[in-house]
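Order as written gives the chain letters A, B and C; numbering starts at 1 within each chain.
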Amino acid sequence: QSGLIVSGGLDLAVAHYKGEGGGSRTQLISGGNQNSRLNIRGREDLGGGWYAGFELEAGIAADTGAGLASNTNNQVSGIVPAGSGNVPSLTFNRRSIVGIGGEWGELRLGRDYVPSFWPIYLYDPFRTGVGFGGITILGTTVTNLRASNSIGYFTPGCDAVCKGPFAQLMYALGENGSGSAAPDDGRVAGLRLGYGAPTWEVSIARSKTTSAAVADFTQTSGGGFLETKWARLMLLVGENRTGRPVAPLNNGTRAPFWQLGALVYLPVGYVPVAYTRVTRNDPDSSSASKISFGYVYPLSKRTAVYTTYARIANKNALAIPVNVGADSGPTPEAGRGASGWDVGLRLTF
Amino acid sequence: QSGLIVSGGLDLAVAHYKGEGGGSRTQLISGGNQNSRLNIRGREDLGGGWYAGFELEAGIAADTGAGLASNTNNQVSGIVPAGSGNVPSLTFNRRSIVGIGGEWGELRLGRDYVPSFWPIYLYDPFRTGVGFGGITILGTTVTNLRASNSIGYFTPGCDAVCKGPFAQLMYALGENGSGSAAPDDGRVAGLRLGYGAPTWEVSIARSKTTSAAVADFTQTSGGGFLETKWARLMLLVGENRTGRPVAPLNNGTRAPFWQLGALVYLPVGYVPVAYTRVTRNDPDSSSASKISFGYVYPLSKRTAVYTTYARIANKNALAIPVNVGADSGPTPEAGRGASGWDVGLRLTF
Amino acid sequence: QSGLIVSGGLDLAVAHYKGEGGGSRTQLISGGNQNSRLNIRGREDLGGGWYAGFELEAGIAADTGAGLASNTNNQVSGIVPAGSGNVPSLTFNRRSIVGIGGEWGELRLGRDYVPSFWPIYLYDPFRTGVGFGGITILGTTVTNLRASNSIGYFTPGCDAVCKGPFAQLMYALGENGSGSAAPDDGRVAGLRLGYGAPTWEVSIARSKTTSAAVADFTQTSGGGFLETKWARLMLLVGENRTGRPVAPLNNGTRAPFWQLGALVYLPVGYVPVAYTRVTRNDPDSSSASKISFGYVYPLSKRTAVYTTYARIANKNALAIPVNVGADSGPTPEAGRGASGWDVGLRLTF
């Protein structure tokens, strides 16, 4: 045994959601400001600049102690747990990787974030919860955050945050047999390219998931940030695309979005703020705009209290609630608005 | 990372159960003397008397390595895992909380014990297993031990064991939407009040769960203990109440109970002993009496071997087995007796 | 808290499988060379040569972060998770034991390996993955590796590897009630006897599982190894037997097997190699032969890269793929061959 590190973070908030025409809901949510998780990792120096390492990270629904959903084959059939009423137990759904690296970069195997996830995460001042910027990324595919059975390459020193010119490649397997109806279902191929300077970063990424159901799903994202004395300014642009019109998307195939955001530094704490705009090429030319702002007050380096408010205005056929997933609150009627706020406590350990 | 503590306890016993008219069963049971669990917790000093902390605790079915059932919304629909034949995997079903505290007390969010659980636990010499005193608390609700989505307040220094005058408040959310059939289902409100002296404690508690199925469930409990040189003497009284007659309870609505118990200290080890009496206001005026005793022999501060025996006499429509849950052994015929013994090893780490 | 140890191992490989007449499949597999797992254990010195200890070990599907299947009652009804499409979450499926020991040996309770597992593991140069020697042990029962609800005895100092004359006994409970249709279903009784010298070991073991479905399942295994300067030579023999003809086994009742294997030491790394032969007393007198070889190159004491190749030739009614379980690749047509290779990275922590 050597150098095993156990760490994590927990975040719980009281949240209230309203979806016009859909009612309201008061909830305890896990992850109003950061996602709750338990992490186990380690790294071994192999000499000559080489190293080996691993990381296991389990998502935690801290409001109930349960786990979070995962997917084993990058296809709808691989959702964990099966059955719509089932609540997930603990798995290392967030990350399960082993890797080997050196001056040439790092080769990685397992379940990891897809390349096009990182700009959506890094250039969003909220990243999760009520203010979350990636409002259209969910509901369309099981690979917009992570992929199982992946082989990855990263340029040296690169993971989430990278310095200098950098690249991330991913190729993930759906693991269907050669004789199955859709042998390549669940295959993911992705690339992220960027440049990280001390006070700014730019990057662009694309991940394509082979999917018989939607004639392939392509997630594109990019943007950057600029660190100034009084704020971190962020731009995020992207598009989710299916290869054929899909009924749940009102027969749209493309949903481009952009977001302007910032972390505005105050004498104590900071104010995250963002404006997000998404359009969809469905027959109704639907669109939505979201404005989010909050305040994060640090109690220490590792602990903070926070509050967030967001409001989304849907137009035509869109009916996006203010948050995503199980914590999204009531879905508004199509073309109507939704709003929400939270007050929470986050800590890391 | 700072001050992360991993601890826990494991307890396994060979147990034999008999339910008159229902047969017998020999089992390996997890938790004859204490519940098997894995705990991760941490606490950070924030200065000025303030602190932040967290606790995650997973129940373990140590006889099989599986997890234990949980509930995500304090309603029958939130039982984890769904499906009667399913065996649970690991979750932090026992506790999942973050909290912030100071001289004013502690505010806590997450899944935690309901206030009315603590007297049932603290004033029972057995607490779990064959001798368990809270024989009527299970089977009627999903919130008699813990509630998810809870907001809690504790007076300073108070958790399970508290000193001086103390109070615990809990308000937990069922998280149904405003437009659902029963918007408040799963809402829990509870209060515990007491006084803890160096050698004695008294407390009383009540937790009320909003439930459309039974027109609300109310669990009341109270009692105290007195520590003497030769024994810890305990009194536990309480009542489980539904708002309307319920068929599984033979159309009863109230089941008051009381228990006299003691830990009798021997030169080596101690003898837990208890007499429990429960009545139910069903048309048959059913009742049950249980006598339990055992012996716990310490091998070290952290490790002990133990044995327990208990026998319950049911009258009229009651058919309570000698233990609860998956380890209860065969259910006797209504009005008949049940008995059981175990021999086990418990350790903490 | 004292002496809690967290350790484990992760192993991921890219594997390609082919089953003649069944197609091919490329996969990321967890455990090409060793099984991925997370282990928590501890041991307490009780004085006078006595000790108490525990071990919890969770299997990890490192390619997806999910858990691995378990079984709670040593019967088909106890498979975790229930439902064929369900993917398991984390449990301590590999081991969940508490024990107490002294000069007289060790008594152990919980979920543990059956005695007849150990020769199959210890005398196989591959133990898991493409080259795995125990090709016929799976698919017939749920107790060929481990049993839940077990009571075990080991001679002093014995666990997997033992020194001098040694013995392991196991008795495990199915936990059915006395009035059920098959009260003894899932009961396991097993014994392992052997002698471990500094450079060689011999042992023989048998585990019998009471099973109404197959009129009891008996797993017998034995063999030994001899450590020389240039290789560890291994012999494994065994038999799986059912008490009555079973349709999934083409109405066979006995499948004896033998394997010659070796770890051949090179100046750097080693070459595992094995030849395995299994026959089955079905009406077609089916049989299969497998040849496996690989190379393991150490990057450090704890980390290695490896590659494996194996090919199996089935005759008559047998249709064994080259690996077992979820990572077995396509099943060939009866009487035809299958092959596979992998390239992977394993590390321990």
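One rule holds for everything that comes next: contacts are C-beta pairs under 8 Å (C-beta built on N, C-alpha and C of every residue); 3 or more make two chains touch, one makes a residue touch a chain.
Predicted model, so just to flag it, every value in this text is computed and none were measured.
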item: Copies subunit B and subunit C touch via same or different residues, half shared test; value: different
item: Cα superposition of subunit A on its sequence copy subunit C - rotation in ° rounded to nearest 5; value: 120
item: Separation of mean Cα positions, subunit C and subunit B [Å, integer]; value: 38
item: Sites on subunit C at which at least two other chains make contact; value: 6, 67, 81, 83, 89-90
item: In the complex with subunit A, residue positions of subunit B that touch it; value: 1-4, 6, 40, 42, 44, 46-47, 50, 52-54, 56, 58, 67, 70-73, 77-78, 80-83, 88-96, 98-100, 109-111, 148-151, 173, 175-180
item: Subunit C contact footprint on subunit B (complex, rising order); value: 5-7, 10-14, 22-28, 38, 60-67, 81, 83, 85-87, 89-90, 299-300, 302-303, 305, 329-330, 344-347, 349
